[in-house]
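Okay, so subunit A shows up in both of these, paired with subunit B first and subunit C after.
Let's turn to the complex of A and B:
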């Protein structure tokens, strides 16, 4: 085992060399203005979410019947809703909620999906067959509709959305990891590690997975925008966070009834922030895909 | 003949997938929390009453027996009973299916008609301003939540410009719907030469179709563009160009025909994905389709219709993908069976 240890560089060093290997790719990313715009958007949105309590001018739950349904003004930049609550404050707090939902859902899906995919790809045989057939069944459903059905059973709420959105995203991560692991099996370094007497665990966690990380990270970014869309859509149809709490999808839904009479700001602003956030993640994921998929690079 | 045999094999392979789907929907209703008994009975029900109700619903039997009963009911087209509408779920869904089909199909046709030429143009004139326009449109299409697009359209087209009817249903209140033949208002009114109904339903379906097709447009454009770019780099296209064939011939005859194959495959996926988007469109426009029905049932804590809806859409999705697969085999000359 000692020999293997000497082959293993320190964690810091291996991260540094992993990045070094992609120097050219990062150079391409930096050169792409759209990717940089995406990055700026995401950083701003995250800051808005994190500092929502400090920035928000009003309490997002404070009902003020005297100022209900007012359009954007200097007092209320984004207007007020039908209870007189300040929409800007609610949008800021909603950003917090939606960011945490999307991050938790995608992280959960990635952890479970990568584990399943790695197990299936490494062990092959029966484990592989069973896992793949189960994933086939999950993917036989249109994703959002399956999420809807599951959310109904689990009962509406923030944690339900996280679980359900994570569930429908597991197959993508599992399939991706499986195919990466399958090709990693054939690589020289796996052979070498095995000859050096590394255990299966060491081969999977220390050799194969670190080498499969790039496509998984790209998928992570892509999945973020879907997570926002699905979470907001579930809230929109009434399966999301419970009413007084602010969330993008449910805020848009709250305003839908007022659109036909011209009170556009209730739906528009939460929808706008949501669209901008998703755009940011899409731009970054697009940039990454263009750079790391050599077929598209030119 | 061989194509027929191949199709038959594919259809048989469908059975385990459909069984899997039924297991999932069965699990949703019977195994996970949210016991139907608590919805049916009052919280103060006596132990005997609970037991009696359990026996009546067959919930005292082992799970596999319950699954057998569930499957048998499914094969008889029985999806349970909707307490909200006091009708069998199958009847309700059957009645609402045409409304959903009408919007989805029109949106798909519209998105394809617009999306493929735009994708081709953007690939042919790569990095031109029209290419940038298409790319921005396709990133925007994926980023804008479908319900927000609907809301914006309602605000401008209906409220500001008065170019569309209010987002309420399939046909104007004062126009009697056409005689039911297919259930698709546009088709039925054409068949019965009912021009008032045709005009009114075309008027009402306009915005829902625009909303849904905007969301479908982005993936169609993007896949067409990428696929065109890939084919344009192949040797045979370069050869065709080198032989001095007219540019239009090379683009439409040599490149597009080969580039369309991945587009066809993706249309199955896009349709399946749009079944989810259709739910949201139906909510925004109070469209009396299956999705709106499911959402209203959710709001009234009536769950059998929701599970029925999930099962039916999953089945439709699986069948669409099968059809697309078969179509692909028929179209692609490289695939010999």
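Let's turn to the complex of A and C:
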């Protein structure tokens, strides 16, 4: 009689077994250096954001007219702005703000979008039609224009950015989840679960969704980059975080007027860290997509 | 008869699609006695699986039970509210599917999947459930049940997956097990083991079984009575012994002749043609285009199921001539 092969039981082995399903994928991830670079970038950026109060050499809000508009130096690595505030400190605090905006916005969008998509895909019929047509309407607008309009209506501020960015991202998550649920509906395990007396909620949340997580996570990574861009863009045009508080987009905006007169560092450094962060998230999402989409594997 | 566990009467299940109405099951009636093993036999597309699913009330739109009744222990399943039906499913009535690999959820461990079924129906604590799971896994011949429980379906063989499925199906000690081609998709050697195991488990918990299959060999070994379906209709109902020794319906005769046999020096004769499409079943007897005995009446009138001997029903106009 066929027996399951018994190996020396150990904690290490059981952890390894749990992840065995993804072993090959992890292997590919490690093999793809760009993905690793992306991962390293993100980890560094997150650490910088989290420990900003510890790392920052100055208070980001301290005005010092004596040192205004100074270029990068050993005292101020990234120079100072027109109020004499230290750009490095402001960039670090801005990282904190932008990270929390992007994470909250994308998480919110994912939770709502996945729920809507799962409901539409599972219930089909009228629910599906209504949900998807409403999402069509949202997607029919150019996303950023819609975000601007909503931000104006809601009034600028950090929480507004979170809601607005989340709102324009909901359709992507909903569509993705719907298509995944539609295919999961036809799988044997769904039918078995139904036969064994599982309720609809259990079938959706405990049987189907765990099977749909991979593409949703990839989308989560991709959406992070867009969330940074959107949040910064909204702040750049003055609809986001209010001035004394540091934020990448508003810092870039603040420095724009000084580029012509040679004080490039005011816009350059916040723009640089934003670009690097977005690059990091894009690399990771790309790497994941390559791993989980066998067609793109080389 | 008091011993009737399940009575299906004039059941019609139609699928309403863009192409038209597919009459998957179109007026079938049969009884299942307590404790027996009933074989539901027919070619692909004859409505066997849909019949099985209708007993569990899991026919999904666009499929619908348009008429008829299914009575389980005196209660109609067709009119039963969904929450009651749900507590029956997996509890008193369970189903085992073909292709065990795809029937288990790939991202959950086997142990988790078994436990869910048991806890849902009994409300036992996690610890009691775990003990019960180990006990059941050992009964189906899995030695290292602790390690086995932690495996994901892709980590074990198809036969092992089907053992896990059987545990899921019998852990709540159901009264009726519907096995839908439980050995399809398994190696021949494993098929045998699974068939035997299923029979043994069924006897241990004293359950009734409906075995849906196209494999007449399995039916001959394990079933007490056989129902032959064709194009959503019943062709013949008989005890296994009668059906194999004195088949009366030309379709059954054809099926039996198409099986290669080693003990008789005859070439198997395949049945010509295919099962008719459920959208456009031929008028009259659905089998007449493939039937070598067909006469004018077969093209015009649908034969009724008649009892020709005690417990032996046949739906054929020419039963006297053919028999």
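Keep this in mind: the second predicted complex is superposed on the first by the 279 of 298 C-alpha atoms of A that agree within 3 Å, B and C clash if a C-alpha of one lies under 4 Å from a C-alpha of the other, contacts with A are read in each partner's own complex, and residues count from 1 in each chain.
The rule is short, and it goes like this: a contact is a pair of C-beta atoms (placed from the backbone, for glycine too) under 8 Å apart; a residue touches a chain by one contact, two chains touch by 3 or more.
Since this is a predicted model, take the numbers as computed values, not measurements.
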item: Which superposed partner A:54 touches (first subunit B, second subunit C, both, neither); value: neither
item: Which of subunit B and subunit C A:188 touches, first, second, both or neither; value: second
item: Partner touching more residues of subunit A, whether subunit B or subunit C; value: B
item: Subunit B versus subunit C as contact partner of A:74, first or second or both or neither; value: neither
item: Touched partner set for A:148, first subunit B, second subunit C, both or neither; value: first
item: Which superposed partner A:201 touches (first subunit B, second subunit C, both, neither); value: neither
item: Which of subunit B and subunit C A:211 touches, first, second, both or neither; value: second
item: List of subunit A residues in touch with subunit C within their complex; value: 1-4, 6, 9, 14, 17-18, 20-21, 124-125, 187-189, 191-199, 202, 206-207, 210-211, 213
item: Contacting residues of subunit B [partner subunit A, same complex]; value: 16-17, 20-21, 23-25, 28-29, 32-34, 139-140, 142-148, 151-152, 154-155, 158-159, 166-167, 226, 229-230, 272-273, 275-277, 279-280, 283-284, 294-295, 298-299, 303, 306-307, 309-310, 313-314, 317-318
item: Residues of subunit A touching subunit B in the complex; value: 133, 136-138, 140-146, 148-150, 152-155, 225, 229, 232-233, 236-239, 249, 252-253, 255-256, 259-262, 264, 267-268, 271-272, 274-275, 278-279, 282-283, 286, 295-296
item: Residues on subunit C engaged by subunit A in the complex (per definition of touch); value: 56, 58, 61, 86-91, 94-95, 97, 99, 102-108, 116-117, 120-121, 141-144, 147-148, 150-152, 154-157, 159-160, 165, 168-169, 190, 193
